[in-house]
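What follows is a set of structures to go through.
In the two complexes below, subunit A is the common chain; its partner is subunit B in one and subunit C in the other.
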Partner chain A sequence: MEERPTSVWSSTRFWRKSAGWVTGVSALLLIWLSVDTVAQISMGTDEDMQAKKPMRIFPSTVINHKVTYEYDAKRGHEVPVIGEKEAFFGRSDYSPEEADALLRHGKLTVQAKNCMSCHTLLGNGGYFAPDLTKAWLDPAWSESGPYMAMTGTATREEAMAKFMMHPSTYPTHARRMPELGITEDEAKAIVAFLKHMASIDTNGFPRNFAKMNGGVNAK
Partner chain B sequence: MLSKHSEVKWESQKLAINYFRVAIILFLANLLFGLLAAIQYMYPNFLFEIIDFSVNRTLHINALVVWLLYAMIGSVYWLLPEETGIETVGIGIGKLLFYVLTGAIAVVVLVILIVQVGAGNETTIWFINEGREYLEAPRWADIGIVVVVLGFLANVFLTAFKGTRTGILTVLMFDLLALAGLYLAGMFFTKNIAMDQFWWWWVVHLWVEATWEVYVAAVVGWGLIKTIGANRKIVEMWIWIELAMLFGSGILGLGHHYFWIGTPEYWWEIGALFSALEPVPLVGMFVHVIYDWGKQAGKKHGVSNKPAFAWFVVNTFGNFLGAGVWGFMHTLPQINIYTHGTQWTPAHGHLAFYGAYAAILIGMMYIAVQGKYGLKEMRFTAAGKWGITLLTLGVLGMTMALTIAGYQQSMIERAEFGATWQGYFAAQNSRWMLQAMGWRLAMGVVTMLGFVLLFKDLLTIGPRLKAEEAAGVTANSGAASTIAEPAQA
Partner chain C sequence: MIEAFTDVFPSFFGTLNRGPMTLTIFLHTLIVLPMFFIYFSEKKKIERGEPDE
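Let's look at the complex of A and B:
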């Protein structure tokens, strides 16, 4: 038996009970919030996207559409906006199954090549290379940027795919991307992954992105 | 630590020493691959397409996580028989699991170093590289780790139930159970990157900012009782306060990783409110114990292991600065929107991992050396003093350099250029970034020198002090010591 403490503040029993309650309540709150968050970050369906229902994570078929990043006055920051149909590697009619398979292959390749060890995805990862969160929308890959001309391609997706298949052919900075043996199929799938990631509602991260000169829908 | 000399009577403690041996080798790997990566920031052609930055960084951070886990398991096997008063139950299985785990880790390291990457399919995820920061170990190894940890947990629980179950052990038991369970949240594949990162943080955050911190509170409490005869009642009271504070803020503090990964806005407020000042009670425990020791306990108990105690001091304040202050500096969403994904994170990461985890576990290694050679007391050697000084200065120096790098990256890349690729390279090529990276490398070399001295000390201090004791030299003759009586184990 413990000695009776002179004050509750020096009572081990009091602190042990407090620790138990605090831990239990915090864990329950976290579980409750996680259930809500998981529902919100589950991928939406193609039908809901076509019906313009709001969602945080668009379905894989978002690759059939133009994605822009626009200022939302109500929320006070930029949000992804899904526009009209837009060709992705010459097609804008990927079925949900085809798009899912492409995105899955892209994500698997991003993991298999350990992209995250140099780049950041949604801001998490290594800091040796640019953040990929909104890479799809970056002015560097637009018609006014250097990469399309350098790779001799006419579209964003082709420029990205060609670059990552043979990065050493296109040295842009002293710090170069190594050859990772990315095949053409893998490169297309990675670009689909990047386009999908750019459409994620990241609560305005990174700040000011769409206001930059040459950015998609600069306003 | 290498010699066969052993005055350890518990098999559990012999196993602990094996865990510490592997831990120190992995600590070397941790620093070595970190240095290579730091060189690549300065000289990008260095080892290009041989051991790329991505490979070095993967090995740098994974060696860190694994050496800390090894030393954590080792520390528990060390203190378990002393707390319970009995030999660890299932020690035979414990030894077998040690060799299984070490073999598996060796294979994982070699595959990541030599094979590096694979084709974009499930086979790569299962056998080469899972490609998720900190959790790069392929899936087969994940399953192996879970099996080994379950075996370890079974040993701890069975021993605690059979022998004396102290407050420290009760905290450790439940903490280790949570720690092991959380690892399961990282073992699945999804094509949805937001969902991936959501659960990834369950493992990474709830390990390093919750369960690992509670582990440290329990072990440092035990260490203070061991080294300076701290009053167990004071220690156990503070451990519960620390647990309440850590889990109270650490569990929902997970929200500060959910600002920008696709998760809802309500995490802004939750993440900001439950911030990173969890290590405050640890300082409270330390100050309280030292006050009590100065007034009361110190009259009958000197510092029985000075190097270990010094490392506990580094732990207490390093944890507060690295995890607490450096964490809080960029945890509010209003600041984090500019700092998330910049050099701010490694600035915080380096000091926090060193202060919160490396320091306490090195302290435990010194306690093991003392036990192994049956030394009544352990004083500092020159190598030990220089080791702790250079390691601490090196890590503080890297932290300062990376903080400057982080500041200027936030300002140039984020504030000026809106986080575009052009902005990224403008920041990376700025003179201030290059200067900061130069200092980081220099301080990395200082850290490595500190490690070499620490390594030498851990290998030689035992036999040396044992010989001195045998020759009748009083261990405290050379140092400014106030030791009155030998340690009461």
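Let's look at the complex of A and C:
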């Protein structure tokens, strides 16, 4: 008797070829997708931002400017609008090097203090504490909100920094933020990091941030 | 059905992702169609009596 498969489904070679094809094509697609999205995830330069070139991730010097959001009817959600110069801790002339260093210090502090075990940043992290992705735009930190008066400060960034240094002393919510031993320099760097993060074009994510009164369409 | 391209940066996959299922249908077509070819070419080999490895 001749022993050979009579059905393609029992052919080893068929399955080997199919698996090779699917795995190979999927791997190539993933590599292509990574390359295809590089432009979307690259940080722009200061010159490009001044020239109002389109970008999703603004350079660190965005902290020298007012960050707001406006509804874009074509895209169907709010998009970041970088406005005129705005003082950040009393200055609006941070050089790209200074701003880069500040943001890097902020990022490292956010990682060191493990903020993401409670807070969410750009969709990653915990849901125990407020989402920080667009926290900079939260009107709670503006003149109309309670935090400036509570912390005895005159600006949004100072209120955020002072709160972070001694969070448990301010009555905010039943779930109070613990004392993390954040220094003044670290707090300032974290606020810069948060301001920059708020300027990232996240396709309207998180979904409800547009309802922040004063944070969006606040000219 | 096919929505306007509104992404900040033009990209190949962004262009395909222009409506419900457009990207999915493209990718599945790309992967599944050649599998028909693999199936029928293997079937021919088996019918010709070529040994399966």
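Just so it is clear, the second predicted complex is superposed on the first by the 195 of 219 C-alpha atoms of A that agree within 3 Å, B and C clash if a C-alpha of one lies under 4 Å from a C-alpha of the other, contacts with A are read in each partner's own complex, and residues count from 1 in each chain.
Keep in mind that, in the parts below, a contact is a pair of C-beta atoms (placed from the backbone, for glycine too) under 8 Å apart; a residue touches a chain by one contact, two chains touch by 3 or more.
Quick caveat: nothing in here was measured; it's all calculated off a predicted structure.
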item: Partner chain in contact with A:G152 - subunit B first, subunit C second, else both or neither; value: neither
item: Which of subunit B and subunit C A:T120 touches, first, second, both or neither; value: first
item: Touched subunit A residues, subunit B compared with subunit C; value: B
item: Contacts of A:Q40 with subunit B and subunit C, given as first, second, both or neither; value: both
item: Contacts of A:T6 with subunit B and subunit C, given as first, second, both or neither; value: second
item: Contacts of A:M55 with subunit B and subunit C, given as first, second, both or neither; value: second
item: Subunit B versus subunit C as contact partner of A:L29, first or second or both or neither; value: both
item: Contacts of A:S18 with subunit B and subunit C, given as first, second, both or neither; value: both
item: Touching partner for A:D201 - first (subunit B), second (subunit C), both, neither; value: both
item: Partner chain in contact with A:H173 - subunit B first, subunit C second, else both or neither; value: first
item: Residues on subunit A lying within both footprints (that of subunit B and that of subunit C); value: 11-12, 18, 22, 26, 29, 33, 36-37, 40, 56, 201
item: Residues of subunit A that touch subunit C when the two form their complex; value: 4-8, 11-14, 17-18, 21-22, 25-26, 29, 32-33, 36-37, 39-40, 54-56, 74-76, 201
item: Interfacial residue positions of subunit A with respect to subunit B in the complex; value: 10-12, 15-16, 18-19, 22-23, 26-27, 29-30, 33-34, 36-38, 40-43, 56-57, 60, 100, 103-118, 120-128, 130-131, 133-135, 138-141, 168, 173-176, 178-181, 183, 186, 189-190, 193, 196-197, 200-212, 215
item: Subunit A-facing residues of subunit B, complex; value: 37, 40-41, 44-45, 48-49, 52-55, 57-58, 116-122, 124-125, 128-133, 136, 167, 189-198, 200, 233, 236-237, 240-241, 243-244, 247-248, 251-252, 254-255, 258-268, 270, 337-338, 340-343, 345-346, 409, 414-415, 417-425, 428-429
item: Touching residues on subunit C, where the partner in the complex is subunit A; value: 4, 6-9, 11-14, 27, 30-31, 34-35, 38-39, 42-43, 45-46, 49, 51-53
